[in-house]
Amino acid sequence: MPISEFKPKIVAFCCNWCSYAGADLAGTNRLNYPADVKIIRVPCSCRVNPIFILRAFQRGADGVILCGCHPGDCHYTTGNYYTRRRMTLLFSMLDYLGIEKERTRVEWVSAAEGAKFAAVMQDFVKTVTELGENKRLEDRRCKKP
Amino acid sequence: MQEAMKKRAKELLASGEVTRVIGWKKNEFDYDITPAVFESAEEIDRDFRYDDFCGPNLSKFTFKNQKNDTKTLVFLKPCDTYSMTQLITEHRVNRDALYLIGIPCFGKIDIEKIRADGTDGILSIASEGADVTVKTLYGDKTYVKADVMAERCLACKSKYHTIYDELMGEEGEVMETGRFNEVEKLEAMTPDERFGFWRGELSRCIRCNACRNACPACTCESCVFDNPDTGISQKAAADSFEENMFHIIRAFHVAGRCTDCGECSRVCPQHIPLHLLNRKFIRDIDKLYGEYQAGEEVGQRSPLVNFTTDDAEPDIVRKGGK
Amino acid sequence: MLTNREKEQILISSGVDVRKCMRCGKCTGTCPAYDEMEYHPHEFVYMVEKGEIEKLMNSSSIYKCLTCFACVERCPRGVEPAKIIEAVRLAVIRKQGNNHIKAEDIPCMAEDDDTPGQLVVSAFRKYKK
Amino acid sequence: MQKIGVFVCHCGTNIAGTVDVKAVAEALSHEPGVVFAADYPYMCSESGQNLIKDAIREHGLTGVVICSCSPRMHETTFRKAAASAGLNSYMVEIANIREQCSWIHKDMKTATEKAVILGRAAIAKVALNTPLTASETPVTKRALVIGGGIAGIQTALDIADAGFEVDIVEKEPTIGGKMAQIDKTFPTLDCAACILTPKMVDCAQNEKIHIYAYSEVESVKGFVGNFTVGIKKKARYVDETKCTGCGLCTEKCPMKKTPNLFNLGLDTRSAIYIPFAQAVPKVATIDADYCNMLKNGRCGVCSKVCTAGAIDYHQQDEHIEEKYGAIVVATGFNPIKLDNFDEYAYAQSPDVVTSLELERLMNAAGPNGGTLLRPSDKTHPHTIVFVQCVGSRDTSGCGKPYCSKICCMYTAKHAMLIRDKYPDTEVYVFYIDVRTPGKNFDEFYRRAVEEYGVHYIKGMVGKVMPQKNGKLLVRASDLLAGEQLKIEADMVVLAAAIEPDKTARSLATMLTASMDTNDFFTEAHPKLRPVESPTAGIFLSGVCQGPKDIPETVAQASAAAAKVIGLLVKDKLKSNPCIAHANETLCNGCSSCERVCPYGAITYVDKEFRMPDRTTKIRRVASVNAAVCQGCGACTVACPSGAMDLSGFSNQQIMAEVDAICR
């Protein structure tokens, strides 16, 4: 598939208190970012299990991004500190297995950072589009004919 | 050492201090050693073994065969003490029902290395100091022990016992034997090379679950891969994705808890170097969050259930600055 | 711009972050060489921040500083003015065209057995511009 | 059998302008489980809500998906609507097709496609929703205030005023705190004792308030509405119920050389003492470190002179357990130790004092009866130098990185009072910045300069050198004049930074309330919830949360009281039902979840299990306290066996959403 036609599937996990509100603010301010991004609301970034991320790749996602409150501002005080450790280690492991490290990302977006949210999503979609289709973590059974 | 251990075990049984002994026993072949429970002096006299083939980590076996109402004697190699300490930290074994004896270990022999030399029809093997003598149907052979030692023992992390009620032999020390060399080699490869390497390894996985069954950190009441309610249960590795998924998640679940005992790789019938996944996590944790050895002391806080406010950002992976 | 380049140089060689200064003047209040100096420790910090390096380099103040480190010791923000002064001094020494070693001097230095050859070479590299 | 209803909102043209709402409703109507799909101009309007209610009743819907604005806007609205039609309110899911779709995309086709996918994800999730009910727990109608300074006193009085029982735990023998030690207050210059002591008496006389003086909190268990607190009443060797506070014992006690801590050690008192005349409770206390009777059994004078028979040399610490519905932390502050500031010669010269010590020196009840005299030779000082920011705004590690906030104002107050009382005294104030935000604050500071002639000098003192003639040579910079000043002073007053009381850290651990790196308690939200701790049921009052002056402290104290009253008037607390729960058969009891829980909501119980071979086995399993859990989900990922799951955001639900999006 030529790059110009390729539309990546992007799953974005957003914490309810900061990043989801940041995404809402991006909308309120009419800040455009690609429609390839679909947001899943979670109470806190620390709710995101590595299993969910792998599951997304299995089912055909080309990129997974996780957004949470800035460290120190977590609604639940410490949740995103655990996220930070878990995801650093998970991403490092994926890289170790030779899976493109650009397909996964963690970003801290506060409820006031609508512009940042849109910018982050634009950049992430661009990066993933350049990488092309997810091949290394695909499940052939889940591919559409 | 074996005789001293037998003597002590029988003493403790006779005094009523313990009613069961967990150790190793020989099966048909000298090199075919399995963990076993002994309940009488006769059984001990007949079957008890401790030699350079007693590789299995008795901590997991103890976990599976624990009894709360009676006291059990367990012999632990340095490796096994780390696993045992970790199990106690996680409340998976009842310390009060155990009598632990620390025993020395001088490295275990990997029978596959002897076989790989074309040695067949093995009748018996004896290991004495640095020499390993193999009697076969076709005559005797002698090896230098270091040449036939298991890879995990060549990169032994410690001869120190983290827990025991009683110690037999001399206490050893924590060692630096370059156990991360292979991880570093992989890290130095290009992503494509790494991907190729791991595909080559993991595609051999037959999902026999031997790694999980032998692993002293895998003690879940029910594994997420066995439980249909999790939505991710798998019985067979039907797709390359599932090979990856199983091993990534397994390594992630034991990250910060894995003591690097190497049982996973030892028992893998497909010879997949699974310990390299666990060691990657250990190495990352050491580098990013400070040196941490699981099973060093009871009550440790694993790095994955801990944090500091100035931890590295996940970006560090993408930016390659580690 | 010459001054900016020199400011960068001074910030790098001193390792001091002048923006941390909150202008309390405790460094100057504590300076035992105050009366001798034209520019005082807090002025060094402020002038480096503004990029006025030339003035400092031409002032005798840099040689009046005793390097007693009282200012470093007392600064509540960890700014280390003495290191800034030292860096200005170094900048003067390293200034283009100021030859502190002449090629002709080298042979007699090299004759001295106690002087390591490496020292002579590195001094020449450093001071012959 | 699932019966899901889908409702697509136009939001006027907000959504319908870029999303083909009819096409979305049509596409979603074919999703598995969907039995009803409709679109409507304004779903949140009354008629829109009626559409939903009618559909629930008519089609017996088991789940509702609303494609509309952000759930942050109208989730509650739609949940209430569902509940009024008899559907559990947690069977409603929102697909955000406005903020996250129609408002960011311009192309109708793209936006419509995305809206359908978002709708699908919501349908996939709602199919796995389970009815949830908020659990209810009763509330113990009694509050605990930890700390009996002005913050604690005000909070307690306000709570008691609303009719609730309040206990104050104070570690000193009397309530009153730092304000009791202060002479005058800025910017009005009224006497601190005159305004504080009536409040202290109010506390003592209010039948709703119980004061545990000379006591400490030892343990805290439980959760919002249901705390159990262990309190240690330290032995004061005097029976509180018998002592009349007559003070005869303090007069007769032969150990007169005991440092008087109330006067910060500037003078001495007897070993048995009442801290100050207006102490509450007015009961004597024996200082065990100095009492001869307690040290070596020789004396007993106080016991002989006490007509009430209140002295009890054998008194032991008493341990009390009480139940509370809410806890207010009001642990206050202390000036920092000045060991790191050798340059000011605080340890070398008695004439270098801290500002709090100056308060005592100037106070009528202080060591000199209110006349300001140099501590060294009791002479009248003619030159006084004030140094501000001693240890405040200090990032070098010697002091504190923050501004202590109150020093500028109290220094102006001291300078003004001295100039007023002793016009022949020259007063210098060295400052970095003068910070006077507050009602009548800047006017006050200007008065000190303009009316009282206080010399304010922009610059810092570099060194204070005690001289042979008893003077203090102060070397300082005057930055505006470009001079280095050398002043011969009689006294130097240091405005030491303030820090949270040392007991606060261990208390925070007991309360599972979070603290910042400076040991100030953190608030639930820095702007919108400034008097609540992130831990439910724990409230903050006074300097324990951050530096503040008396009016601010009192305001916050009353605000905390209002929050406490708001909690205690409830008979039962409803909690968010989207919380974690452990599947006991899967739980390993490994403690991973307990360690990541920010609220201490997870405890372990030993539970008996029947094994397949008919034996029983006792295993340690996790148990989540529904009233404490806030539903972050940290535990669900820490759990390797998947025993921990989160209601409303279960593993299955999130994965269903992932699947629907990637489909």
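We just call them A, B, C and D in the order they show up, numbering each chain from 1.
Methods note: contacts are C-beta pairs under 8 Å (C-beta built on N, C-alpha and C of every residue); 3 or more make two chains touch, one makes a residue touch a chain.
It should be emphasised that the depicted structure is a prediction, and the values quoted were computed from it without experimental measurement.
**Student:** Per the definition at the top, count C-beta pairs in contact and tell me whether B-D or A-B has more.
**Tutor:** Of the two interfaces, B-D and A-B, more C-beta pairs touch across A-B.
**Student:** Counting in whole Å, what is the centre-to-centre distance of subunit B and subunit C, each centre being its mean C-alpha position?
**Tutor:** Here the centre of subunit C sits 59 Å away from the centre of subunit B.
**Student:** If you average the Cα atoms of subunit B and of subunit D to get two centres, how far apart are those centres in Å?
**Tutor:** 48
**Student:** Quick one: subunit A and subunit D, Cα centre-to-centre, how many Å?
**Tutor:** Between these chains, centre-to-centre, one finds 35 Å.
**Student:** Residues of subunit C that touch two or more other chains: which are they?
**Tutor:** none
**Student:** Multi-chain contacts in subunit D: which residues touch at least two other chains?
**Tutor:** Where subunit D meets two or more other chains at a single residue, that happens at 596, 638, 651, 655.
**Student:** In subunit A, which residues are in touch with two or more of the other chains?
**Tutor:** Expected reply: 50-51, 55, 78, 82, 86.
**Student:** Of all possible chain pairs, which ones touch?
**Tutor:** Those chain pairs which touch are A-B, A-D, B-D, C-D.
**Student:** Of all residues in subunit D, which touch subunit A in the complex?
**Tutor:** It is residues 70-72, 96, 98-101, 103-106, 110-111, 113-114, 117-118, 121, 514, 522, 534, 578, 596, 598, 630-634, 636-638, 646, 649, 651, 654-655, 657-659, 661-663 of subunit D that touch subunit A.
**Student:** Quick check on the complex: what are the subunit D residues that touch subunit C?
**Tutor:** So the residues of subunit D in touch with subunit C come to 343, 389, 393-399, 430, 432, 458-463, 475-477, 479, 482, 484-485.
**Student:** Looking at the complex, which residues from subunit D come into contact with subunit B?
**Tutor:** Within the complex, subunit D touches subunit B at residues 517, 585-592, 595-596, 604, 618-620, 638, 640-643, 651-652, 655.
**Student:** Name, in rising order, each residue of subunit A that touches subunit B in their complex.
**Tutor:** These residues of subunit A touch subunit B: 50-51, 54-55, 57-58, 71-72, 78, 81-82, 84-102, 105-106, 136-141.
**Student:** Note which residues of subunit C are touching subunit D in the complex, please.
**Tutor:** 20, 22-31, 34-35, 40, 42, 70, 74-78
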